[in-house]
């Protein structure tokens, strides 16, 4: 190639080796995955309303899901935003103690959400094999529950890492990104609740 | 336009330039989606005008993007080039992009309007 | 003049002996679409010639035969002229596309615009792999049920109602109209009209399983008198057997597997799984236009339907030659 | 930008080579995460699937050559056309045009050392491979999918396709979509974060613009087919009722969801072709592309408009005519951006100095063939015309003109153009020309004929036809073209192996091209660039200053790349990429087991998730400490 004798250079050695926020590549990758999964949710929502137009009554010949567990879970989701935001706030400091606490807190919320989700599943008042309404309802709740489990595993793994000295560098950025993903899970939970518990009563 | 100058120097782009880029596709998406969803509704209720309202509103949204792009175009300093390295040049490119884009989607929205001039939603 | 000749030349290239060709229309629907086809064809042909000419001219203009690496061109004046040329071309393209859009929608409106107070109505139900045709009537005994061969009066609007018994099929007689899907769970209606007497072939156009290839039908367009005679004939119950051979044939029919699937009105056979055979002898073809309705073909079909149409729902029938002959003779009398 | 004297190259090179070295040997093959290796694997695997799909096509044409031909029966024929279509779309076109070219080229053209998320990228390859093998294993066991490549319900549903045939198809979809999505995320992130300093948004080479748009199209389109293939799978395995009209299900829901993916898919296949065109044409016309801004806007507009035309696959279903006509309008409007690109290419050739070398020859083939496909597409956009030609051989002709014209011709142009970069040796020109003319002639003989068959009423997907239809002459002609095409492809393979060992050495830049992949040796070293470049224009090598600066200050002893921002490619921070690893392969195996298990038992998902989680933990588990403390900083 060319001689490297007197070439002007752009020296980047002073730049940081880890970045938080939007310039982090994993942050961007995470955004793309939220777009992918958001599209999936959107398509299931669209399918739900499409199937609604193919049926004269809704829910067809059964009562709407029992809403109490759903509302309780929605409240729980709302409060879980606190540890999520906390984890994001303390991550750049690298303070493993605080990170650990925030992540464990978030994990505890996720477990509680999951338990309540179990009760929700028992009170949908339909089965997935009965009719198309049941199928789409269970798919919606199931897809979201899958996300909840994934997020729980990820949070607990990060919490595990936070007990070791490996919780540094990009791992700290991952903690912040994990919280972004939790926000996504919470927002989709709210949207799903509106559909599962709301539209079955008012549509 | 001081806002333009300030944001461009920071290396970003002002909101109205992003609007010039986004308004066309958004307007067209709404136009197509709403028209498709409401065709049967407007047939069964007899509110045929609804479909024309959608056209006008969506074309308006796209035209607002065109206006943003145009006003940014006129207020950009003359030294901006399409290929340069500076944020200013990149903004100029975005503005050109926005102009072409908004115009293109206005044309697309007009094309979407043609069926409702000829057909009835109940056909 | 030349255009007309070119036209007929191209039509010849895409020609077919008569009744199964979207460019040989027999009624207003297919004619409207054919008209649109030729208009759009000539527009796209012109676009094709212009673009190919443009690329050819561009290619020969500055072609360099050397394979050495040439220096880069920087031609601002050329760019400026190219901007105008490209701009003009895009403008013309947009106008042309709008013209196509207008013509397409207007043709669509015209093609679908047929209507009539008192049309002949035919309910078509797609089955794997045959067509059930019912001419509904409020009185049950005035309802015609037949299969694969549809009769319509010439010059009269006919409304076709669609439905499917199993998977998606698509009803398509290209000389009459474009295709329409038969979807399970949906029923829709469309209109046809045939102006020239004759027989028009049709096929299933949506992939529907093993015997998608052998799912044909035909539309027989005949003048009003003939059509009414046909109607009257179809309304009658099955012909009573009038010879020992045909009596035996009916006996074979009623005592073998035939009755599991088929109907012959006027007898005990009343199952709707397969085609209604009350007037099977009057049809030109059997097995959804797979075989001609000759005694030989019919006998071969009854013995082993899986041979000419593998996968179809009719099971082989091991009849002795005497029974088979009697059955075929009997079915042949069911005019 | 500071003036400094760079470290002498001779000492850095071995260090970099060691840092970026990928393990060799049998087990090393499964650990490699470098984008050049993975890109080549995608290309080779996709090409093999192309050959296999071609063999199926030849069998079909043999069967259809004469009426009532008894080569194969309906059952095998249906499996063959289903696997042919699925292979060509899911296992060849997208993996070749998007994943193969994209993974190999994007990091090089960006001027960086590896793709973002290299392990995800490697994982995507294995998942794709397993998906392909699954589909073909089904065919070879005579239980191949047989409901067509779009597998409409209810035909593909539990009632009409019992057994596991459609399940193989649906899971193959999942595999290939997971793969395409993983690569899309990698490529989009690479383009937005790893571009060389100076490669601002307005200077991104057109191929990067197109890869970015395709990645976004993949991200928004593929979820639709995942959703719909899972609905089908659940209908088949756990008795959900999505598509059963008796209890509120709907067969058109399937078609809406499928084509909401299916039509953007066409652009996911076709846009890489235009990317190759916009890259190859300037090189052989010895000038910058004419109309950079219009081409960029066209590409982005195509990506967006492509999501608004799906109903034109459903014109015959009897939707209200006005609803359908909206999609006629959208379909006609999508012609405009493609026309703009054609005119810009024409102007580039017009005002350039054309050298008709092999890649350019294939470009002219692309112009001719795709033009015909595009124009017959105008006919298909019209609702009434569509009623006549939909689901006939006219459509078969149309989409082969579009897909072979829009993907295969550019693919061969791209292969003749980039194979010297990949193997380091030039392809033989004479053999290349023989290949072109055989393929071009054979293609047109086979597929132009099909337009007439369609107009004369021949529906698609029929395994045979009767002599009374008078289709035999045209069918025989169509079948004969296959021989020419096949010979052409064989000539290409011979040419490839011949040139790979004996071809003329290519050197770094045999064509005098302007993009960054030509700045490095052929084939590229493990670290791609000794010094990361900076860029001074849209064609970095053509527009470089006499003393164009290079980037220094990245560490050589760990695999580090420079991260820049999306709009202005300003350096932001340094990023350490993960080294080679076996975990992506193990994770792919675990995921495959779970997917395939789920066909046979719903519990496969639950039990299969355990090894998946385990391998993912292994994949993501921290690799110990960095050699030096890494400083987090809010940027």
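A, B, C and D are the chain letters, set down in written order, and residue numbers restart from 1 in every chain.
One rule holds in what follows: a contact is a pair of C-beta atoms (placed from the backbone, for glycine too) under 8 Å apart; a residue touches a chain by one contact, two chains touch by 3 or more.
These figures come from a predicted structure and were not determined experimentally.
For the pairs B-D and B-C, the count of C-beta pairs in contact is higher at B-D.
Chain B and chain D have CA centres that are 30 Å apart.
The distance from the centre of chain B to the centre of chain C, with each centre set as the mean of the Cα atoms, comes to 44 Å. The distance from the centre of chain A to the centre of chain C, each centre being the mean of the chain's C-alpha atoms, comes to 52 Å. Those residues of chain D in touch with two or more other chains are numbered 249-250, 294, 321, 325, 328-329, 332-333, 336, 565.
Of all residues in chain A, those touching 2 or more other chains are 54, listed in ascending order. Residue numbers of chain B whose C-beta contacts span two or more other chains: 107, 111, 114-115, 119, 123.
The touch graph of the protein chains shown belongs to none of the named shapes.
Inter-chain contacts occur between A-D, B-C, B-D, C-D.
The part of chain C that touches chain B in the complex is made up of residues 94, 97-98, 101-102, 105-106, 108-109, 112. If you check the complex, the residues on chain D that touch chain B are 198, 200-203, 292-294, 296-297, 300-301, 304-305, 307-308, 311, 320-323, 325-326, 328-330, 332-333, 336-337, 536-538, 565, 567-568, 570. Residues of chain C that touch chain D in their complex: 13-17, 20-23, 30, 32-33, 36-37, 40-41, 43-44, 47-48, 51-52, 54-55, 57-59, 61-64, 66-67, 69-75, 78-79, 82-83, 85-86, 89-90, 93-94, 97-98, 100-101, 103-105, 107-109, 111-112, 128, 162, 166-168, 170, 172, 174, 177-181, 183-186, 188, 190, 201, 203-213, 290, 310-311. Chain B contributes residues 11-13, 25, 28-29, 32, 35-36, 39-40, 43, 82-85, 87, 89-90, 92-94, 96-97, 100-101, 104-105, 107-108, 111-112, 114-116, 119-123 to its touches with chain D in the complex.
Within the complex formed with chain D, the chain A residues making contact are 1, 4-21, 23, 25, 28-29, 32-33, 35-37, 39-40, 43-44, 47, 50-51, 54-55, 60, 92, 94, 128-136, 138-139, 153, 157, 161, 164-166, 168-173.
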